[in-house]
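For reference, chains read A, B, C, D, E and F in written order, and residue numbers begin at 1 within each chain.
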Amino acid sequence: MYQIGIVKRSITRAVAAAVERLAGFGVATVHEAMGRVGLMKPYMRPIFPGAQIAGSAVTVLLQPGDNWMLHVAAEQIRDGDIVVAACTADNDDGFFGDLLATSFRARGAKALVIEAGVRDVKVLTEMGFPVWSKSVSAKGTVKSTLGSVNIPLVCAGALVQPGDAIVADVDGVVVVPAALAAKVADAAAAREANEGDKRAKLAAGVLGLDMYKMREPLEKAGLKYID
Amino acid sequence: MYQIGIVKRSITRAVAAAVERLAGFGVATVHEAMGRVGLMKPYMRPIFPGAQIAGSAVTVLLQPGDNWMLHVAAEQIRDGDIVVAACTADNDDGFFGDLLATSFRARGAKALVIEAGVRDVKVLTEMGFPVWSKSVSAKGTVKSTLGSVNIPLVCAGALVQPGDAIVADVDGVVVVPAALAAKVADAAAAREANEGDKRAKLAAGVLGLDMYKMREPLEKAGLKYID
Amino acid sequence: MYQIGIVKRSITRAVAAAVERLAGFGVATVHEAMGRVGLMKPYMRPIFPGAQIAGSAVTVLLQPGDNWMLHVAAEQIRDGDIVVAACTADNDDGFFGDLLATSFRARGAKALVIEAGVRDVKVLTEMGFPVWSKSVSAKGTVKSTLGSVNIPLVCAGALVQPGDAIVADVDGVVVVPAALAAKVADAAAAREANEGDKRAKLAAGVLGLDMYKMREPLEKAGLKYID
Amino acid sequence: MYQIGIVKRSITRAVAAAVERLAGFGVATVHEAMGRVGLMKPYMRPIFPGAQIAGSAVTVLLQPGDNWMLHVAAEQIRDGDIVVAACTADNDDGFFGDLLATSFRARGAKALVIEAGVRDVKVLTEMGFPVWSKSVSAKGTVKSTLGSVNIPLVCAGALVQPGDAIVADVDGVVVVPAALAAKVADAAAAREANEGDKRAKLAAGVLGLDMYKMREPLEKAGLKYID
Amino acid sequence: MYQIGIVKRSITRAVAAAVERLAGFGVATVHEAMGRVGLMKPYMRPIFPGAQIAGSAVTVLLQPGDNWMLHVAAEQIRDGDIVVAACTADNDDGFFGDLLATSFRARGAKALVIEAGVRDVKVLTEMGFPVWSKSVSAKGTVKSTLGSVNIPLVCAGALVQPGDAIVADVDGVVVVPAALAAKVADAAAAREANEGDKRAKLAAGVLGLDMYKMREPLEKAGLKYID
Amino acid sequence: MYQIGIVKRSITRAVAAAVERLAGFGVATVHEAMGRVGLMKPYMRPIFPGAQIAGSAVTVLLQPGDNWMLHVAAEQIRDGDIVVAACTADNDDGFFGDLLATSFRARGAKALVIEAGVRDVKVLTEMGFPVWSKSVSAKGTVKSTLGSVNIPLVCAGALVQPGDAIVADVDGVVVVPAALAAKVADAAAAREANEGDKRAKLAAGVLGLDMYKMREPLEKAGLKYID
C-alpha cells in the first residue's frame, strides 16, 4: 500500500558499475536475462529516438494534474539516477518540461520515466534529456496535493523499488532489482556472447529450425507440410 | 449547434503581427499564458518533427469518409491561415493528401489541423507542409455530403471560432481567441522573460523547492522526511 | 476458417515485375487504383521512417506470446517476399527481433508486416530491415504452440492470401491479390499520370472547386455562402 | 476560451415545456430533428439502463482529480436541471458519488452528464439518480483548484451553453440550444409521426428499397446484382 | 479483395438443422469445437444480455457514415439469417435502428452483427431484436455511397463468407464455415458431453491438476513448491 | 522482480473477521479509508451487476494465452479466498470459464479478479460466481508455460501481496494489505458513520459549500460570482 506524504532520503542504489554494464545491453537483452520479468507496458515510449541508458531509480508518486512531488524529488537525485514517476490515476497532463529537466540534470539525473505526459519536447530534445512517457501534452499542472518520493510504486505495470536499476531504450523500459544488477549484467553478457555466433549462422542462411533443433518438436506437436 | 451546409466568407482574423509573435513562443508557453485553457486533446500529433507555427483558423466541419468541404474551404484560405477540420463522427480516413496540400499552399495556408486522418505523408513531409492529425491512413474519401466552412466548431475537445489564432508544435495545438492574440502574446513574452532567470538558477543547482519557496507549504501539507 | 498446424510450401506469388512497379506508387495510390479496398487498419505503423516497399506475402498465423511459427516461416521465404503475420488474439509482445531479421534477410525477405509487437528496433533500424507493426515491446515469446504458415489469414482487418502483393509505406499497408498485381499497377500508373497535371494546376492557384467542377453539385446539395 | 474561476448565476434556461417534450422523443430522434448535430461522443454511457430524460444544463468545468466545482455548482441548480461536467484533462477519477447525488437531487437536479468517472454506482442505482459518464472509478478527488460554473464548455466533443436542453438515453447524450428547444421538439414530433407509418409498412414486409424509392439511385450509382 | 457495388443473390447457406444445433452450444464451446479459430475480436458486445443465437450470414460491406447497403441487404434476407456488417473504415455511427430492425425481422432475420454502431437500443431491446456491435451511437447515417452485399468480408477480425453459420452470445461471435456446420455441431456435442462429467468431479473437489494429470508435466517444466 | 515457476503454499491471510467487515463497506469507502491508495485501474469491470465482496488474495501470474497456472492455483485456495490473476503481457483471451469456476468454488473461492479475459459468462452468471475482468472473450487458452502462484504481483496497476484483502464491487477493486485489514475496516466504519449525518443534511437541502465550510477558501482561491 502506498504511503502518501513521505520522502525517503536514504535508499540503496544499484551498484554503479553494474548499472553501467546494463546500459550497454539494451532492454530486450536485459529483460531476457532476467527471465522475462520487470518490463513496463509498451505504451511507454521515448520522446526522441536513439537514447539507450541505465540508472538508479528515484521514485515519485504524483497526483493527477499535480507535479509538486517532482520538485520534492529533485533534491533526492544523485548522480546517475533516473526519476521514475507514476500517478494515482491515469492522466496525460504535461507534468515535466524544460525547467524541471534543467534542474534534474543539474542534480545529476540521466533521464525521466513517467507514466503520464510531458511537454517542452522540442527543448528536451535539444537538451538531449531523454524521457520515456505515456503521452505528450502542453497542459501544465498545479502544486497542491502531496504524493511521495522514494516509496515502492507501480509504474506502467512494473513494480519499482527506489534504487532499482532502470534500463531504457527504444524497445521500452525494464526494472532490475538493485541487488540483482550485477548478476543480471552477467547473464546479459552471456546471452549476448551467445548471440553473435547465432547471428553469423543465420546470416549465412542456416535456418533457426535447424540451429535450434525445432524440426522434431514441431513434428511431435503435429505440424503438417502440404504442397 | 452546428449549422450544416454553410460557408461563411467574411471572418475576423487574429491580427497577423500578434499571430507571428505567438509562433515564437510555442504551445506550452502560450497555453500557460492563457491560463491553461484552449488546448486540443493530446492525441493530435504532428506528421513530422520540428514544425512550430501559428496562423488564423479557417474552420471546416466534415462528414465521416467525405472530404468535400476541404475543397470548399480552399477558396476561403487567405495568406497565413491554418485550416482546422473536425468530423461529425470519429473517423481515421485519409481526408487530406498532397494534391489538397498543393492547393492549400497555393492559397497561402501554413498548415492543417485535423481531428481525423491524413495520407501522402511522405510527400507532405518532402513539401514541408505541416499537419497535426489524429491518425495516418491511405484510405481516401468521397465527396457527397455537405458540412460547413467557417462555423464555430469543436476540434479535439477545443472550441475554435473562425479567425482564432492557432499555435501548434510538438507539444500539441492550442487555440487563442482572435481578440486576445496580442494580449496573450504579451503574457507569453512576460512568462518567457521570467523563465530565463529561473533556468539559470536551476542549471546552477538551485532547487525549485527553494526558488519557489515550497518547503513551508509542503510541511504544512504534512510532508514527512524519513531516512 | 483457419487451419492450425499447416505449412503450405507451394504458393502462387504475384509476378515480380508487377510487384516492383507497385512499390514505386506507394500505398495511397495503389489503394485508390484498387477501388479503395484491401487496406490494413491504420494502427499498423513503420518502426522507422522512409521505407516504401512491395513484395509477395508469406503468411504466418501466430499464437499469443509464441513466435514458433516465424521460425517455420523462414524456410518458406523466397527472394522478394514480405512476411505477413497475424495472431489468434491481440498481443503486443515482441515476436520478432534482430536474429529473426538476420535470418529472414538471408532468405531474401524484404520486410515484415505483423499485427503484434516487435523488438530490437534499434538494430532493425541500423540493418534497414523495415517492419510495420502494431506495437514495440522488449518482451520475448515462447515456442510451444502451433499456428500455420501460408494459409489465408486476416491481418489488421485485411484478408491476405499467400502470394498476394503487399505494398507498404508511411501511409500504411495495402494488399493486392496476386492475380491483379499487374492490372492494379497499370491503374496506379494511369492515376499517377493524371495527378501530375492536377498538381500543376492546383499549385498555380486553380481551385479544386473549379478543376473538379464541384460548384454545381454543391449548390444542388444546398450549400449556402453567407457573409 | 474558458474563463477559470467564474460562477455565472443567471442563465437563460430552455423553456421547461419544450424540454419536457424533448424527453419523450429520445436522443436519436432529437438528433435527427436537429439536422444531426450536437451529439456527444459515444463513450458517454449510462451507469444503469432505462433512464430517458431531458433538462437544462448547469455546466461545470473541473480540474483533473478535483471535484471542488461540483460543490459550487450545487447551489446553482434549479428544479429540472441536468449538471454537465467536463474536465480540463482526460481523467477517470470518481468525481461524483452518493453524497453529491443526494445534494444535487435535493436542489432539483434530474441527472449528471460527466466526461470523467463516477463512483458509488450501487447507491446511485438504488436512488435512481441517472448519470452518463466516461467511466466508473472508486477513486475520490481533492478540492483545491478552481474551475468554473455556467460557462460555455466542450463536453465529450459537444459544445454546451449553460441553459441548453440536454437529452439523454441509452443511445447517448445530445445538446439542444435553449432557444431552439421548442422548434426541435416540433421537428421531432413531425419526424416521429412520420415514422409510425413507415414502421407499419416495413413490418408488413415492404422493403425500404421500395418505400424510400432507392432502386433507381442505386442503379445509377452502379450497383450490380449477380447470381 | 472486396468487390464494391455488387449484390450476390444466390448464396449457399449452412444447413438449418446444423445451425439450430450450434445455437444450443454457445460460442465458447463452438469455438473450441472448431479448433479455436473463427472468433471475432472481443470488442463485439451484445446490446442487451441473454441472447444466444445462430443463423446464416448475409454479409454487408458499408462505407463510413453510410447505411445504404443495409437497405439493399434487407431484400436478400431469408428466414433464419443473421446480417453481418463491416465498414471500410472504423466508424461508430448508428447505422441501424428500430425501423431497419422492423424490416429485417419482417424478412426473417434473427439478429445483426455489425462492426460499427447502432441506435434505438431501447426499442431494439423491447423488440427483443439482438445486436452485437462495436458501439452505440444516436448518430444517423446517409445513403449515398455503394458497398456490397453477400461478398466475403472481414468483420471484427474474422473472415465471413455469405452463408456461413454465425453463433453469438454473451461471450462473443464465432463464424463457422457453412460446409462444416454439422461437423462442428457434432464436435461441440462431443465436447459438451465430456464436460458434464468433468464438472461433477470438479464440483466434488477433485483438482484439475489430478483430473487432467498435470502434476508431472508441471514438474518437468520446472515448477517448484515452496513454503 | 517476479519469480517464475514458483508456488508458495504458506501465505498469511488477512484476518477473516476484518475481511468480512470490509465487504460491507464497498470499494469507494474502503479506498477512502486507506488514504486513497490500492485501487486497481478502472478498466476492471464486473461481469454481472450486484456483487459486493471481500476475500484474501491467492495470486497467480499467467503467461499470454496460457491458463495453466489457474489450475495450479486451485489447490492453494482456502475458504473465503479471491483469486487475483495478472498476465505477463496484455491479453484478452478467455482464461477462465465455468469448469474452473466450479473447481474454484468447490475449493472455497469467492470470486476471481483477472487482468485479462473470461468466458462462459452466461453460466458464471447463473452460478453467481463473481468475476472482475478486463474483457470477455470466448477464446480458450493453452497449458504449456509456467507462471507462478502466490508471489507478489501487479494486477491492473495495483500491487497485490498473497493474503491481502481484496474488496470488489461495481465501483472497482481495491487491495488492502493483510496486516491493515482491521485498521482499515475501523477507519471505514468511522467514515461511514460520519456520512449518514452528512447525507441527511444534504438531503434536506443544506449545501456542501456550507456544510464543508468551502466558501472562504473558494473566495481566497479567487472564485468570482457574476450575473
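Operating definition for what follows: a residue touches a chain if its C-beta (ideal position, glycine included) is under 8 Å from a C-beta of that chain, and two chains touch if they have at least 3 such contacts.
Keep in mind it's a predicted model, so treat the numbers as computed, not measured.
Student: Name whichever of C-F, A-F or A-C reuses the A-B interface, so over half of the contact pairs are the same residue numbers.
Tutor: Checking each pair in C-F, A-F or A-C, only one repeats A-B, namely A-C.
Student: Quick one: compare the interface residues of chain A with those of chain F and tell me same or different, with half as the dividing line.
Tutor: Same residues, largely: of all residue numbers at this interface, over half are found in both copies.
Student: If you average the CA atoms of chain C and of chain E, how far apart do the two points sit, in angstrom?
Tutor: 27
Student: Could you please state the distance in Å, as a whole number, between where the Cα atoms of chain C are centred and where those of chain D are centred?
Tutor: 41
Student: Going through chain C residue by residue, note those that touch at least 2 other chains and give them in order.
Tutor: 36, 88, 90, 92, 137, 139, 144-145
Student: Judged by the touch rule stated earlier, which pairs of chains are there in contact?
Tutor: A-B, A-C, A-D, A-F, B-C, B-D, B-E, C-E, C-F, D-E, D-F, E-F
Student: Mind pulling up the chain D residues that touch chain F in the complex?
Tutor: 5-10, 68, 71-72, 74-75, 92, 94, 97-100, 102-103, 105-107, 117, 119-122, 125, 135-140, 143-146
Student: Touching residues of chain D toward chain A in the complex: what are they?
Tutor: 63-66, 88-93, 137, 139, 142, 144-145
Student: Any idea which chain B residues touch chain D in the complex?
Tutor: 1-4, 34-38, 41, 88, 90, 152, 154, 157-159, 175-177, 180
Student: Which of the residues in chain B come into contact with chain A in the complex?
Tutor: Answer in residue numbers: 26-28, 31-32, 36, 39, 42, 45, 52, 169-172, 174, 195, 198-199, 202-205, 207-209, 212, 214, 218, 221-227.
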